[in-house]
């Protein structure tokens, strides 16, 4: 894909502060940091439309000794197998597990399945990350 | 203040999408939109330190017929008059009021006063906007 | 309006931690803190529909010496006077001003006007707080 | 663990709206929905201290054909193996991959590693979810 090079004008003081911030965060140069800010604003925008082709990651933390819950999460994930791609299960300690569930589909559907996973009785904490298929982001 | 002009390299497809987004939002050019993304990330960063000289706006919505609440909000605002700069009171309808309270001080103090205003019994909804004195942002 | 009293069952450890958090934030009791969490989730939900009757507060920080900008902000506010209720202007220092602009209308319109105010050339930082008319929140 | 049952008083209209929202989200009862709101506010609070024992999930989307990037992400993950627990790799399409990286450690360290992963040259979109070991949440 072609790369466009263009000039931007920004006050010196602002550039200096931005340079310090991005070096702290580990960016190799300004273009890369600005690309990330741009992509972030595009992903936010895309998720405002529930029909957008999107990707999400739902994180849930729960106690695996609650047998009904493990079963319910498993059941939900199979029921929505057209949206759910894959799941990573991590043992946090003797009692607690984390699952990171990757979903791909329309953003509205992802939100719906995320709500069901997060609201399942016994889930201690749950969050949805709204991200992208990467296709629309060069 | 001096303005720095520098080049950035961004894939054509990404630039096209960003141009559409910023024109929808009303930006006059890319530099202005990028400056806003940069400043936003700097303000976020600054607020992570509770000692930062900062500015905040607390919005509270409440029913003014609750006399005790009006009194409590007034009292709190006077008690913290070293942090609270000014307040705008708007009559939303026959019963409901909105107050936008501007605060200036260390970000940790602003957060504390915001918590007290938002938690006051009878406040229906409250939010703190973390912003900046503008001094550090060119 | 009638008040409903109902019981909730929450693990002791969680209640203890919540009690500490809400006392730090200044809540007088659990019901008040829970009401705020509930209202917050309802306001979030309501703003997902662009047709919701809503209220917003836009905060902008800018350098008032930029005459064109003051003029543009004034012009925008008058152009959208059917949505804009009132504005508080605060002098932050010799150069910097803050305006808190209260808007009332459909959430989609509020968002649009907020985008135009925040994107105005010269605005250093801007944020929209999505809140409520209070009518739908007991 | 012992369960505490206590009463809360909330206006009827607010309860009705909350009941509709939580049924839409899939909660089985009010206590479960309130527990989630409570835990969410506790996790937010905990992450304000960079020394908190915490768990995070970093999501990155990137084009796997960028060999250097795959290598860099792998290298970073091994370098921080004391914080990084496990990684799920998903093939989104012919070009794009998603990795969900689970981290466990002090919240300040998790944030640092997340910054490095997200800022790696070629990552199209990245986000950190701040969650919990579950231990402190009943």
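Note that the chains take the letters A, B, C and D in the order they are written out, and that residue 1 is the start of every chain.
The definition used in the following text is that a contact is a pair of C-beta atoms (placed from the backbone, for glycine too) under 8 Å apart; a residue touches a chain by one contact, two chains touch by 3 or more.
Treat the numbers as computed from the prediction; the structure is a model and nothing was measured.
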Label-sorted list of chains bordering both chain A and chain D is none
Measure off the straight-line distance from the CA centroid of chain C to the CA centroid of chain D, and report it in whole Å. 26
Compute the distance, rounded to whole Å, between the mean C-alpha positions of chain B and chain C. 9
Return the residues of chain B touching two or more other chains; collapse runs of consecutive numbers into ranges. 39, 137
So with touch defined the way it is at the top, what topology do the chains form here? Options are line, ring, star, complete, other. ring
Chain C to chain D touching residues, read off their complex: 1-15, 17-18, 21, 30-31, 34-35, 37-39, 41-42, 45, 136-138
Provide the residue numbers of chain A that touch chain D in the complex, in ascending order. 22, 24-28, 32-33, 36, 39-40, 43, 55, 57, 59, 61-63, 85-88, 90, 92-93, 95-98, 100, 102, 104, 115-116, 118-121, 123-127, 129-135, 137
